[in-house]
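The following blocks contain the structures, represented as structure tokens.
In the two complexes below, subunit A is the common chain; its partner is subunit B in one and subunit C in the other.
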Partner chain A sequence: MNIIVCVKQVLDPDIPPAKFRVDSASKKVVPPEGIPPVINPYDAQAVELALRLKEKHGGKISVLTVGSNGADKVVKHAISMGADEGVVLSDETFEGSDSFSVAYILSKAIEKIGEYDLVLCGRQAADWDEGLVGSVVAENLGTSLVTLAEDAEAVDDGLKVKRVTLDGYQVFVVPLPAVVTVSNEVGQARLPSGLGIISAARRQIPVWKAEDLGVDPSLVGSTAARRKLFALSVPARERKCEIIEGETPAEAATKLAVRLREAGAI
Partner chain B sequence: MEQEFDAIVVGAGPAGSACAYKLANAGLQVLVIDRGKFVGAKNMWGGAFYGGDLLNLLPNFCEEAPFERYVTRQKISFLTEEDCLSVDFASPKFKEPAPHGFVMLRSKFDRWFADKAQEAGAVVAPGLGADDLLWDGSRVVGVKAGSDELPASVVVACDGANSGMAQKAGLQKELSSEDMKQGVKEVIELSEEIIEQRFGLSGKEGIAWEFVGSCTQGLPGGGFIYTNKDSLSVGIVVQLDALVKRKVQANDLLEGFKSHPEVARVIEGGKLVEYSAHLIPVSGINMMPELSRDGFLVAGDAAALVLGTGLILEGANFAVASGIAAAETVIEAKERGDFSNESLSMYRRLLEDSYVLKDLRTFRKAPHFLENPHIYNLYPELACDVARRVFIGDGQPRKTTWDNVRDSLKGRASLLQILPDLWQGKGAI
Partner chain C sequence: MAENKGVLVCGEVVGSKVAAITAELLNAGKKLKDELGQPLFALLIGKDIEEGAKEAIILGADKAYTIEGPAFPDALPEIYVSLVAAACEKLSPSVVIMGQTDMGRDVAPRLAAKLKTTAVLDCVALEVDPDTKVLLQTRPAYGGNATAVWVTESQPQIATLRPRSVAAAQPDTSRKGEVESLSIGIDDSAVKGKLAETVKAEAEGIKLEDAKVIVAGGGGIGGAEGFESLKELASLLGGTIGVTRVPCDEGWLPLTLEIGQTGRIVAPDLYIAVGISGAPQHMAGCSGSKCIVTINKDPDANIFKESNFGVVADYKQAIPAFIKKCKELRSS
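Entry: the complex of A and B
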């Protein structure tokens, strides 16, 4: 089974909150200096599912990412986990693309690769939590789509996918090729092995530009964005600490209860 | 493995990246592994890089390297609880002919340096820690990382203070807390304008500021402030065994240091964005391990190549210089096809001939001298007291400076106590 996994680089979720900054004027997140982005955790789990499918059914795993500066690092991460190859999709004209344009770029790259049975995406990118790209890719490619997969296996007439629901799961069988978005219920993504890290470190990751993909420049970049951002700010959280005292624990507890009622908490 | 490496460098700090860069440039197959999630992830220092080693190694260093500022002022202050007496040295020589000191943040610099090594052809693999060495008899033939065995003709241990690799190679004993200082530091964000205003800087100018006195509460060590582009690195360095004995936390000393009026003034309104701690080997040549064995070399902090004289604390330049010397040694060993200890002993000769071991020998008595508590309480007190008497009139008839010194000494110390310190200091720092 030939699988293509779409992986996105996101800000490292381990960044201390003090280092997270947005520039309200340009409406952009200011990436913290010195802390490189990481692979979107859900995408690492998509790679994990791809590896399990490959272990069971054989085939090849290719990885795609749309991104600039250092995007090869997330492709290398996927390769160090066991993916076979990967490509960075990068072009100046891609800057500022919205989810639709990103999905368009990915679809063009997937068509260029041509031979595929399955496209896996993460359930959502951990930075903006949109959860759009996978569905739009399926639409563009005209394939079947299952979102929020927690498991999958190949069956005679396609792919059997277990889909997470609020209080249980659904099972679908869809014809291939298909797009599946992968949820965290798939389980932990494996850690790269030493040899995996070294063989990924040795790789040169190819870059495909707009013209390599046949991307129409009027459909990508900030000018093509159908979605306009009006304001961006970090929510101000106020914390207050009040010390409630009392002669006896009972008195303190009574005062606390009164105070909580005043504050409308109980 | 697809292909055996000529050299595996363990650790991508300044020593490891310098070594790998040089080796890769000479066309050797080199692998650098670092246990950090990314290169530089957990590394910290004061800090400024002094001297010309990086400029010589990396032709476009000044244009490309992600340094924060040049050092254009070097300041040393003696602190009491309230007072501060400073020597503030500014000189155009700091910049000419080339900058002499670069203030840098390790997370940025280390990654940039490792990328340079990678561009030169080294394979850089972060997220991979060496757990043990591979042996063939008494010869080191590679490293073990998790369940993987990575063979190489030679292993260069650049794994920093308390080097696991030098210990596994049987060259370094388990280190004791007497040989270590603990460094803790905060990065405090302030705007570029405020920093330039508060420190009287402009453009890429920067200050390296060392403190001795009340900031370590009499324990051997000191405080520091370095100006980054839009933040300050503020920290202290304290003798580890003294911390343990006195049951003091380095953090608490740092908090005290930050609340000293002179320090509080410059960090006011800043936002704490980073906290980190690290050990520094400080006994210099007295704790230096054997530097090589068959198939194995050790460089940088892993070999305790750090110079601390009380006025300066330098290790990164020694790390780079030793990393380069290790690379030169490996390049020749590869030409000879001989990685025996004898062949690798060239490394020690290179270090003996350079400032690395010459400086460590010159200051070999410094570590012991710096244990003297007078340096951290008596002398800063005296200096500030004399300054108070000289500069703050109290309406009484003035005295000569010499008489002020004598009055200051009264009740604090006798010449008989001070003379031995002076005598020791003369030979040590």
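Entry: the complex of A and C
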């Protein structure tokens, strides 16, 4: 089974909240110094699912990312996990693209690769948390689509995919090629192996530009975006915390109960 | 291009009644209707939805459209999408809203792709900019670290609304409105896969979303056994338990109890957070709680900043004493 995984580089979602800043005037997130961006965790999980499918059914795993300088790092991360190859899709004209343009660029690259059975995306990119790109790629390619997968396996008539729902799950059987978006329920992504890291570091990751892909410049970049940011802020979630103290943890907890009773909370 | 007009609520039905989210969408839709000065439509797809359509009118729709067809979740999403897309082409609404539900989060992006527009998912507020009349779509981003307000520059403007972010519309039985059945056939060429199975895990006890009291445990609990005391506390207070991502990853408790950005969004009266550091992805799911109480042994844990009451302690000593005192207080 030949699998293409779309991976995005994002601001590390595990940064301490105190380090997260936005510039409301320019409506931009200010990347914290000294904290390098990472592969979107859901995309690492998509690579994980791809690796499990490859272990069972054979085939090749290619990864694609739309990004600028340094985006080869996430491709290398996927390769160090066990993916076979990858490409960075990068062009000045791509700057400021929205989900639809990114999906368009990815679809062009997928068509250029040509031979594929399955495209895996993350359920959402942990920066803007939009959850759109995978569905749009499927629409562009005209393939079947299952969102929010927690598991998948190849069957005679295609791919059997378990989709997470709020109170359970659904099982779909879809013909290949298909696009599947992967949810965190697939489980933790494996860490890159030492050997994987060394061999990935040596790899030269090819870059495909707009003209290599046959991308129409009027359909990408900020001018083509169908949605624009109107405002960006950090939500005010702070509360005034009353710390209840005591000689011992037990005493503090006892006082807490009394205080909550007074406050009418219990 | 003809001008798009009207706010279209894509409803969901449970049996013959509209789902709770649909009543919320209709309430949100009523506000948009007033702000835009455009009519409010409801669209219901399913079998025997006549009653639901009338209910949608009582809840504020000016007109309800029905399509006789397979209802979500039994329908394949691609069929559902093709029906909604056909309805949108017929009605040319300027705004389409659906719930951030199993249906909406799957259908909205596909619909947007089909209609060559975009979708803004999981909105917590929707309003119309008085100057430009565009829809301001507010949603969390960056795992709850940020709040983004998006505007859509194509038509229709499609958004999904997070359940319980708006109150349900109140019924007004004096309202009158037309119900029209749209005859849209199912496009068989849209059908790609098949739905083999739908499994509902019956939630035991109180649903997290309905709970008035939640005792939530995190990585600090250290193992499945540690949750016994939290369960005891929860049942004493008439509530239920929830968890952060860590206990799920560790296999101590199932993911169905996860609270947060990718888990459940809860807003109980009382949220007791035990051994939880307060990552934004978790707080995104519980910050609507009326009162947040934290027990954590690290005085610098972020969660204290977002709590009303806190005790800096090891939960192993604190919880038994807390339970004991609660019992005393309750019996007195």
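One rule holds for everything that comes next: the second predicted complex is superposed on the first by the 241 of 266 C-alpha atoms of A that agree within 3 Å, B and C clash if a C-alpha of one lies under 4 Å from a C-alpha of the other, contacts with A are read in each partner's own complex, and residues count from 1 in each chain.
The rule is short, and it goes like this: contacts are C-beta pairs under 8 Å (C-beta built on N, C-alpha and C of every residue); 3 or more make two chains touch, one makes a residue touch a chain.
Quick caveat, the model's predicted, so the values are computed rather than measured.
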| item | value |
| --- | --- |
| Which superposed partner A:Glu242 touches (first subunit B, second subunit C, both, neither) | second |
| Contacts of A:Phe100 with subunit B and subunit C, given as first, second, both or neither | second |
| Contacts of A:Ala253 with subunit B and subunit C, given as first, second, both or neither | second |
| First, second, both or neither for A:Ser193, with subunit B first and subunit C second | first |
| First, second, both or neither for A:Ala18, with subunit B first and subunit C second | both |
| Subunit B versus subunit C as contact partner of A:Val173, first or second or both or neither | second |
| Which partner, subunit B or subunit C, touches more subunit A residues | C |
| Partner chain(s) touched by A:Lys228 [first = subunit B, second = subunit C, both, neither] | second |
| Contacts of A:Glu139 with subunit B and subunit C, given as first, second, both or neither | second |
| Subunit B and subunit C contact sites that coincide on subunit A, given as residue numbers | 16, 18 |
| Footprint of subunit C on subunit A - complex, ascending | 11, 13-14, 16-18, 20, 22, 29, 98-100, 103, 123, 126-132, 134-136, 138-140, 143-148, 158, 160, 165-175, 178, 183-185, 188, 225-235, 237-246, 248-254, 256-261, 263, 265-266 |
| Residues of subunit A touching subunit B in the complex | 16, 18-19, 33-36, 80, 192-195, 197-199, 201-202 |
| Contact footprint of subunit A on subunit C as seen in their complex | 73, 77-78, 101-102, 105-106, 109-110, 112-114, 117-122, 129, 136, 139-154, 192-201, 203, 213, 237, 245, 249, 255-256, 261-262, 269-270, 278-281, 283, 287, 291-295, 302, 304-314, 317-322, 324-326, 329 |
| Interfacial residue positions of subunit B with respect to subunit A in the complex | 1-2, 31, 33, 38, 40, 105, 107-108, 111, 118, 123-128, 145-148, 150, 271-274 |
